[in-house]
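Per-chain residue numbering starts at 1, and chain names A, B, C, D and E are given in the order in which the chains are listed.
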Amino acid sequence: MNKKNWLLGSMLAGCILLIFLQLSLQMNFANNWQLIFWQLRLPRLLFVLGTGLCLGLSTLLLAATLRQPYIDGSMLGIANGAELLVALLTIINANVLTYRVLVGALAGVLCLFLLRGSVFKLKTRPVFMIIGGFCLAMFFNALTVILTSNSGWTGKSMGNVTWMDVIWLLIILVGGSFFWLLYGRYLPYFALPEIQTRQLAFPENQVAMTFQIIAALWLGAATAVLGTAFFAGVVLNQLIKELTKLGLVARLPLVAIFSILMILTADTLGHFAFYPTELPTNAVLLLLLTPAFVFLIVRWSRAL
Amino acid sequence: MHFEDLQADYQSQIVFEKISARLSTGEITTLLGLNGSGKSTLMLLLAGLKSANEGTVEAIGEKIFYLPQKNQVFDYLTVEELLTINQTKDLTRLNRLIELFGLKSLLQRDISLLSGGQQQRAWLVYALSQPAEILLLDEPLTYLDLKYQQRFFEALIWQQQAGRTILLSLHDIIFAARCSQNIWFLTNNKLVSGTARKMLTGKNLVDYLELSSNYAQMLLSAIRREEVYEKRSTTD
Amino acid sequence: YRPSQPHRQTTRVIATTTAITAIMAKLDVKLVAVPTTTQTLPQQYRKLPRVGNHVSINWQNLLAAKPDVVYVDSELADEYQAKLKEQKITMKALDLQTYPQMLKTIKYLGEKYGKQTAAKKLIAQLQIKTVHRKKHPRVLILMGMPGGSFLAMNNKSYLGELVEKAGGKVVGADPHSLYTSPNSEKIAQANPQIVIRLAHAMPTEVEAAFKIAFQADPYNQLIAVKNHHVYDVKAPVFSPTANLQVNKAYSQIKEWVNQVE
Amino acid sequence: MNKKNWLLGSMLAGCILLIFLQLSLQMNFANNWQLIFWQLRLPRLLFVLGTGLCLGLSTLLLAATLRQPYIDGSMLGIANGAELLVALLTIINANVLTYRVLVGALAGVLCLFLLRGSVFKLKTRPVFMIIGGFCLAMFFNALTVILTSNSGWTGKSMGNVTWMDVIWLLIILVGGSFFWLLYGRYLPYFALPEIQTRQLAFPENQVAMTFQIIAALWLGAATAVLGTAFFAGVVLNQLIKELTKLGLVARLPLVAIFSILMILTADTLGHFAFYPTELPTNAVLLLLLTPAFVFLIVRWSRAL
Amino acid sequence: MHFEDLQADYQSQIVFEKISARLSTGEITTLLGLNGSGKSTLMLLLAGLKSANEGTVEAIGEKIFYLPQKNQVFDYLTVEELLTINQTKDLTRLNRLIELFGLKSLLQRDISLLSGGQQQRAWLVYALSQPAEILLLDEPLTYLDLKYQQRFFEALIWQQQAGRTILLSLHDIIFAARCSQNIWFLTNNKLVSGTARKMLTGKNLVDYLELSSNYAQMLLSAIRREEVYEKRSTTD
């Protein structure tokens, strides 16, 4: 797979370049730069890397286990649910903010169980899953808008990342990975229809649930800081899927690195494009995915 | 494996009722019946993929694998990726199957971009390499060219000799006569079973498959000639 | 002339909205950084580092200013809390939603920085006298957004308060929430005698949109329209939340209410 | 089809009840009620009825011609595009407000051609259509939010419908219907895959475009006043589809009447639930569809 | 209709090159070939549904209809709704086809909830009722039981006599011999054509379908017996 390695390589190179930019741009080395490096740049960078991983892979897991390629956690209401719970708890007790990543992750899992108890039961009717999930998302979104009396765009910025956020994200990433390792070998099974997998000697229900919990944890954790980025997960995954036409496991590293690359780019732009004004990273990410997408469309429609 | 007084329905529209039979272990059985008689439904029930309204299926300690009539995948999936799913330790068998069904050159190809017959070959290898004692194959000849129908026949005989129990649903009576020890005829209120020799009679073909008696006779004579022919070619 | 200072201010203070900055200027509180804004800031702060605005903080400039306390808008306080706490910086939300809240805030800041005199003076300057009337002219207050839509403001909003103090009665809005979608039936029935139309942003465009909307029913039927008591207002004198221009705004409103009575 | 007639009948009855409520609730006959009836209630009611028709049927047409059951104009960016253009033009010249329904309709068509020139070209890859459309929608939405410095929910109300709006909506509805009549008999063809329809003696491309233009016109016109109601079109259509399991043409009247019923309900609630406070009709519609949806899910998951 | 020097590819992977033939008007032709030899691709080209890299297809003034190997629908669609799409004025033919393929009782059923063979019957009636002079039917026997294979045979003969030109792709040589006047063998660099009698030889079956010569002989003798048998039963 030459093309795959080439893609991986160039995306990695892009990431490294962006990491360098993130750490060095607009850095004034005269004036207590250590503080800024250790307290602002480094935690932010680490969180952005983690967020990329979370966003890309949570979508991969959800889409695979649900056998719905065009679904991600934002469309199922998991992201909005996490946002809502963080907002709600903060109003009750402002100290919650310190643990927002943990709260977001748990809220994500809560939403997941809500979904599993309702729409996921209609596996045979995927349309309901999509519609039901989106309704839930819009519902949570409306509540958040009412609760915070703002548009949901403002104020979410990666600039607010604390070391506490980074540590919790790391814990949740490592925890999730552990369970992934446990069941990872079953992931490719989900390319088959259920009538096939039900006959294979593996506990499909349990495996699917585990993967979905990992996905919800990761997405919720990332969302608590990033805010909801509608459809970003699907776009990231499907671009890689259609560009490489690789199977589930084969495209896993590509999805991960591409998500990291895009969020790094979004955050770097959000941070420095109108310096000193910050733009919300999730908004920039969406704006960024549009042209990326248009570019690819043009390329592809020529190739057809 | 055997079942008794089975009844199945879709949205309370009954497909068949009170049918019973025993699947002879280590033998090949062919399930014959008209379109819509419930062959696929019966296989779903036997594999535990659909629950029966009434009746019981017993298959103690035997793993069952059902290959549907129509198959699809949910992602980009190469033939090789398909065949590594649930891979058994029996790599020799897998490799021989790949060889037999000419999949070597297709291993890196995406399944959904193959021709109908190529796809079917991939699914057959997938099914035959499953670690199950009982195989239920629903119209396995679909889309296969004659060469690979022949190969499939060879694979069947080999697998039977290796001790597997196989239930096929088919519309090709000559193929059925050639490969199977037992025949089941399914109609919506009856399942009659017996050895191939006993079951393949003009009357049965007319009664259960609604053939004209002329056509039935012609098929039977073709079967008889083939038997004669095979005996001759083996004694050659 | 500079007011006497009882002791030197030692805390390093940052303001993150223009309204807070304006108050700080009047109290002569020393700031170490100010918000990034297109509006003109008080003379003494113009050379200070800019730390973004209340919606988007520039953390690098903020930390570099080494603040002890950061004043933010009460609406958007939460987002910054965890980060400031981790840096052991005090964050304080200042409420300027309404007129009395603003006065309280000024008093609080005066005490906090030993500028009681200046604060008292400022509060005195900002005093407005409630007008008592037998008849309360009905006033509708609308806030227009670029793009043609608008909201009705109630009597607890900053402008609503001023109207009621001036002896008017705010009509056509929901008493329970500061801004709501206008109910045209309610407005038609209330039939306001005065309409005040505030531009939230882009005043020229919003004014033009208001004009068009007021050519249609039910607005063109209102007494206020027939008697030409419709007024377009904008920043810096008028704004959705309280500011130091309250006297100007109030006397203007009083004048309008008087006309009707 | 007993069930179908029963459904139709009960929904019609519901509509009539709601129409009666809309016209009579909170009506003070002492005080200039003629003005309120003729200048406020009646145009509003008529516009709501038209909006229901537009929303339901535009989705039916788009979904059919694109062979994508889970797509509606909001997901393709047509609704947000109409909103954006109305907002933009209003800022440039406030007179546009008088003709917002016309402008919305034209903006819808503009978006459609934008889509047809880009994402629709990738017919064979439906995922791109969904993703591309949604990216566009989010893009337009972000621009509108920035432009109008609000959240998009506030201010949109059916309360300020003018007779001018009603007349334009009527013109657009009648115009669209005319073209529909011209090609209506081809609608069921779209249940077949393209490889089949390309062989039938009818100008598929032209028919599909005409239907899509009708859909864009109608959706744009309705959106100019209602605002975007994400996913509402899909929910309305899919609920009817899955509930009745009827084909395209057979469920057409059901979709129309159900959409009208739901929007009537939403508007009646928005208008009177917290009278005199108005709730935005599009927000109420979404909140309304969630429980309706949950109810159906519960019913269905029991039936499975 | 005829074509010359056709070449087709997928993602510049060539399927076949420089093949030429003429489809005899008013006759039935069967396209035989191995899985993946390009039968479906050729039909797509002839129907104008895929463009050829090189070569030309000429079919002046003749309407062509292609029925794919696999068919699906995009909405709830009853059999009746399917059959009213592009309905011809020829209601007599349609009704006779419905009768012939036993669709009467299935008309109100949703297509995707039918059994494999029931679906295929609906698609066959749909295809045969199209107002096209040339029909290209890709593996039309798929999922059909013997009874309806026989009915399909009758429909073919009837349609041929009504003046239609028909190209079938099949893997059933006996069926091909029974129904078709001409046979085409397709491989990736050759298309050889001729009358059924001339083409169905042991050598051709071995060369183009890669059968063992034993198996080829057996099939040929079955064909010959069937001919004899048919003659006898018609003279009876």
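One rule holds for everything that comes next: a residue touches a chain if its C-beta (ideal position, glycine included) is under 8 Å from a C-beta of that chain, and two chains touch if they have at least 3 such contacts.
Predicted model, so just to flag it, every value in this text is computed and none were measured.
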item	value
Chain-contact steps, minimal, separating subunit E from subunit D	1
From subunit D, the most remote chain by mean C-alpha position	B
Winner on C-beta contact pairs when C-D is weighed against A-B	C-D
Between subunit B and subunit E, centroid-to-centroid distance (C-alpha), Å	25
Centre distance in Å when subunit A and subunit B are each reduced to the mean of their C-alpha atoms	45
Centre-of-Cα separation between subunit D and subunit B, whole angstrom	50
Separation of subunit A from subunit D, taking each centre as the mean of its C-alpha atoms, in whole Å	31
Where subunit B touches two or more other chains, by residue	none
Of all residues in subunit A, the ones touching two or more other chains	69, 150
Touching chain combinations (by label order)	A-B, A-C, A-D, B-E, C-D, D-E
Complex contact set, residues of subunit D against subunit A	69-70, 118-119, 121-122, 124-125, 127-128, 130-132, 134-136, 138-139, 142, 145, 150-153, 230-231, 234-235, 238, 242, 283, 286-287, 289-290, 293-294, 297-298, 300-301, 304
In the complex, subunit B residues that touch subunit A	47, 49, 63-66, 68, 71-78, 81-82, 84-86, 110, 130-132
Interfacial residue positions of subunit A with respect to subunit B in the complex	64, 67, 69, 188-193, 195-196, 198-202, 241, 245-250
Residues of subunit A defined as touching subunit C within the complex	26, 28, 31-32, 35-36, 39-40, 90, 94, 97-98, 100, 149-150, 154-157, 159-165, 275-280
Footprint of subunit B on subunit E - complex, ascending	10, 33-36, 40, 69-70, 113-118, 120-121, 139, 142-150, 171, 173, 209-212, 214-215, 218-219, 221-222, 225-226, 229, 233
